[in-house]
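Structure below; questions to follow.
Labels for the chains are A, B, C and D, by order of writing; each one numbers its residues from 1.
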C-alpha cells in the first residue's frame, strides 16, 4: 500500500510540470506581443520596452519558464493588468466561496446520487427505478445555467424566498449548489445503479443467497461495497465537470468565486489572471484525482493488500 | 444464469444484422421517440428558414416582449422578433456546432485511439501521456482557455469543443481496442498470417464501431450543452444570432418581465440533449449490451 | 537430428515480466523454460499439463504469435528464430492453429464464407473469386458442414459446428503442421468424440502433423503418437503414447495419470495424491521444480535441476533414473 | 419415497424473447440420507437448473418454477415463504458452485464470509462463531486456518478457494450438499484432492451429496446412484455399478461409449451423431429419437414415460409395452 501511495504521488509530478508549462505558454500563444497587450494601447515604445524587461519577456523562453515557476513556488502569480493588484490577492478572496460551493455541490450530489442509484438497482425495472432513471437522464441533459435561471425566476422573483445572487449568507449557496450538483448527481446515480446491478449478477451474490442470507444483507452487506469502489473514480472525474460548471453557474448567480473571476478577466483581457486561474483549476483537478486514486487503492483489497 | 439457455447447442434462425438491430431497437419505445424527435430537429435544421412563420431577423417594435400567444407561440423578444421562428432557425446553428465539433473530435480521437491501442508500447504511451495532459484541464475550462487564445466566435467554439473531445474519444477507443485485441478471434486471424493493417481495419475497427456510435451520440448531447454554455458566457455565437445559447444570454436582462425569453431557448436545449441521451442509452443497450447496466 | 523432423524446438524460453513497475520489474513468470523437442512428419505430438504449465504459450511461440526470448524453432529445416513479423506471416501458412474456444475464435461480424475466404485472400491473392469460392465449399464439405450455411454468422452455429469451421479455416491453406490448442475441451462429450474423429480422418487423408495441446489425458492418449508432459514451464517426460500410459516414468506423470477419474466404478486403484498445489510460476522451487510435491523427493532434487535423459526409450527429467 | 429429498414433476421454464422455454421438464428423483447421488448430462440438459430450482435460487434469472414438488424432510420447499426458505438454505441444504474464483465476495475477508452464515443459522456468539469457523477451515484441509480468516479470496489459489467454499457450505452441518460441477474449473490433481475431501466429509458426517457434473469419470469415482439427464428430462436412473455395467437407455450407452478412456486406445471413438435439440424446437416424442440408433416409429410420435424396473428407471420405448427387454424382466421376476 505504501508503495502504491508513493508511486501515485510521484506519478503526478511530471503531469504538474507539463501542465504548468502549457499554462505558462498560454500568454505567448495569444496573438500579438504580450508586452504590448499588458502595457495597453496608449503605451509608448519605451514603456513597452520597460514592461518587457520587467516581465523578463526578453529572456529565452525556457529561462522565462524557470522564472515563472520560481514565482509560482513563492505564491507569486504576477499582477493584474487592469487593476494592478497581485493576482494571488485577487484570487485569494474568491477561493474560499468557490471551494465551499464545490464541496457543497459535490456533497449533496454524492449523497443523493448514491441513494437514487441504490434504490433504482434494488427495485430494478419497477417504479422507483423508472422514477430514479428519468430524474437522472433529465439531470444530465439540463443546461445548468438554465436550471439556475429558472430557479431564480421561481424562488427569487416569484416567491422571493432566496437572493438572486451573492454569497453573503448561506441562502446564497442554495440555488448555485443545486444548479451545479444536479448533473453530477444524475451521473453518479446512473453509475451507481449500473455498478450495483452488475454486482448483483455476480456469482458470489448467488453464493450469498444459497447460504440463506436475506436480500438486505446481500445488497448492503455484500454488493454495495464492491459496487461503490468504482463510483469513487467516477466521482473524481465528475469533479472536472463541477469545476467547469462553476464558471457558468457563478456567472448566473453573480457568485463571487473563481469561476466568475475567470469570465470577467477574459472579457477584460486580463491575461495574467486568466493564466493563474487555468493553472489553479487544473492543479485542483489533478489533486482531486490523486486523492480519488489513493482512496480507490485503499478501498480495493486487491491493491491495498499487495506488497 | 441466462447462459444456461443461450449456451446450449442450438442454432437460432438466420437473421440479418441490420434487421435484428432494428427489431431490438424498436423495443425501446422512448429511444425510438427520441430518435424521431432528433430527426425532426435535423429536418428543421435543413429546411427551417424556409418554413418559419416570421422573419427571425426583422424587428417589430409594435410587439415587443410579448408573452406566448397563438400568434407568437413562444412570444416575442425585445425587438419584437418571433422567438419561435428564431428557435427554429437557430436549430441549424446549434446542432451544426454540436455535430461538427463532435465529428471532428471523434474522427481524430478514433484514429489516435486505434493506433494507440493496437500498436501499444511507446506509441501508446506517448499518445496516452498527451491525453493525460488534456484531461488535466476540465472540459469547459479547456475550451475557455482555447477561446481565450483564439478569441470568441462560433468557429472557435467548434475547435475548442472538438479539442476536448479528441482525448476522450481516443481513450474510449483505445480501451475498446485493447479489449478486442485480446479476443481469441484476433489471435486466430493473426495465426492465419493476416497483416497488422488488415487486422486493425477489417477486424478491430468494426468491433469498436458500435462503442464509437454510442459514445458519439452521448457526446453530441454534451457538446451541444458545452457550446450553449460558451455562447451563454458570451464566448461563442454573436449575441445577435439566433443560436440557442446566445438567445438565453441576451434574455437574462429581461428575467423579471419576460421569462418566456429565458424559458423557451433553455427548454429546446434541454429537450435536444435529453433526446440524444435517451437515444444513446437505447443504442448502447442494443449495440453494446455488455456495457449495459 | 533425423531428416524426417518437421519441427524442431531447441532450448526455447519465454519469461513474462510481472507487472512492470515504476522502479523495477517484480520478477518473471518463467512460462516456458529451456524446452526442446522435435516432431516427425505425420505424427501427433501432444503437450499435456495442468493450467499454467506453459503448454499454450509454447504453442503460440512455435506459431510466432508470441516472440521467444531465447532458443531456436526449426520448421522444415528452416530456422525461424529472430524472423520479423513479415517473415512470420508467410511461415504461418504451412503451420496453422486451432483454438480452444470455438465461441471466441471466430469473428462475430463475418459470414462463414468470409471467414474461410480470408486466409486464401491473404496467401493466394492470385486466385479468382470463383476458385476461392469452390475451395471454401470443398473444405466445408470435408469438415462436415453443409454448403448452405455459407451465408450464416458464427453465432448461428453450435459449438461443435463452430469448431469444425475453425478446423476448416486452418485446413484451407493446406498446412503441414496444425497446432491444436485444447481443441475439444470446450465441447460436450458427444461432440468432442465427433471432432476428435474428424481430426483423425483429416490426418490420414491429408498427411497432417499435429501438435496437440491438452490438459485431458484421456483425450491425449486417444489421439497421440508421442506425448510430452509439462510442469511449470519444463518438459518432464517425453514418451511414446503407449508407454506413457503403461509405464509412466516421471513421478509427476504417474500422479497426473492416477488423478484422472476413470468412468468405470469397478476399477479401484491406488491413487497417488499430490501434496499441495502447483507453486507460483514467478517463484518456482529450486532444483527440480516438482520436488516440493514429489513423493520420491531426495536431497539432490532440491538443488540440481534434472535434465531430460533416455530411460528405456522414454525421455525423463528425474533424478530417480 | 426417499427419506431426505423427493423431487416430483419439477418443471422450470425460462423466458427468452417473450417466449417460455422449458429447460427442466418433469424431473423426478430422490435422495436418501447420507447418499451421494450424481446428476450427469451434457450442457443444456437442465442439470444445473434442477439444482437451482431445488434451492429456489432462480432470483436473478428469467427462469421460474412452473410445476412440481420438492419435498425435503416431508416439507414441500416450493410452498414455503421466502423467509422460511432462507432458513433452509445454508442450514439444511448447502450448495457449492463451479467457479471458485467468482463465487466468493472479492472485497470481504474469508473469515467474515464464513462467520456470517454461522452467526445467522447457528446463532453463535462472535467468538464462538470464529472458533467454529477456524475448526471448519481446518476440517477441509486448509493449512494456516487462523491466517486465512483475515485474507481476501484473491490471495488464495483456485483449489484453496474451493476448499473455502466447501467450508462455508459445511459450516452449519447441512444434511444435503448440492455440488454444481465443483471440480470442473480445477486441474486434475486438485480435482482428485477435492473429490477425496468430499467423500471424506460424506463418510465422516453423513451428509448426503447431490453431485452435478458432466464428467462420467467423476460420477464413477464418487457417486452411489446416478441420474442421467437429456433435454430437460431424466432418461435413466441406476446405481453407479449397474449404470456403467449395463446402461439401458441408448443415450447413456452412447455417452459412456464416446468418452475416451485411458488404456483403451481406439482408432475411432464412438460418436453420437447430430446435436442436442434447441429447447424451443424440441422434437415430438422421445427427445433423443433423432440421434438414436434404435429409434422406432413410436419414438418419434410419443414420449415414453419414466418407468421403474427393479431398482432402476429409464425412459425408453425399448423397454416398455410388449418389448423384449421388459418381458425378460417380467420373466425373471
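The definition used in the following text is that contacts are C-beta pairs under 8 Å (C-beta built on N, C-alpha and C of every residue); 3 or more make two chains touch, one makes a residue touch a chain.
It should be emphasised that the depicted structure is a prediction, and the values quoted were computed from it without experimental measurement.
For the interfaces A-D and C-D, which has the higher count of C-beta pairs in contact?
C-D
Average the CA atoms of each chain to get its centre, and name the chain whose centre is farthest from that of subunit C.
A
Whole-Å distance, subunit B centre to subunit D centre, using C-alpha means?
So the centre of subunit B lies 51 Å away from the centre of subunit D.
How big is the gap, in whole Å, between where the Cα atoms of subunit A centre and where those of subunit D centre?
Going by mean C-alpha positions, subunit A sits 54 Å from subunit D.
Please work out the Cα centroid separation of subunit C and subunit D, and write it as a whole number of Å.
Between these chains, centre-to-centre, one finds 32 Å.
Which positions in subunit B touch two or more other chains at once?
1, 9-12
Send over the residues of subunit D in touch with two or more other chains.
Within subunit D, residues 43, 60, 275-276 contact more than one other chain.
Provide the list of subunit A residues touching at least two other chains, using ranges where the numbers run on.
206
Which of the residues in subunit D come into contact with subunit C in the complex?
42-43, 157-160, 187-193, 195-196, 214-221, 240-241, 244-245, 254-256, 258-263, 265-273, 275-276
Which part of subunit A faces subunit B closely enough to touch in the complex?
15, 18-19, 22, 26, 29-31, 124, 137-138, 140-146, 149-150, 152-153, 157, 193-194, 197-198, 206, 239-245, 247-248, 251, 262-263, 266-267, 271, 274, 278, 281-282, 285-286
Report the residues of subunit C in contact with subunit B in the complex, numbered from low to high.
Contact set of subunit C toward subunit B: 60, 63, 65, 85, 88-90, 92-93, 96-97, 99-101, 104-109, 118-119, 122-123, 151-153, 155-161, 166, 169-170, 173, 188, 191.
Which residues of subunit B touch subunit C once you look at their complex with the stated criterion?
Touch residues, subunit B against subunit C: 9-12, 14, 17, 183-185, 187-196, 198, 203, 206-207.
Using the touch rule from the top, collect the residues of subunit A that touch subunit D in their complex.
Touching subunit D: residues 200-214, 217, 221-222, 225-226, 229, 299-302, 305 of subunit A.
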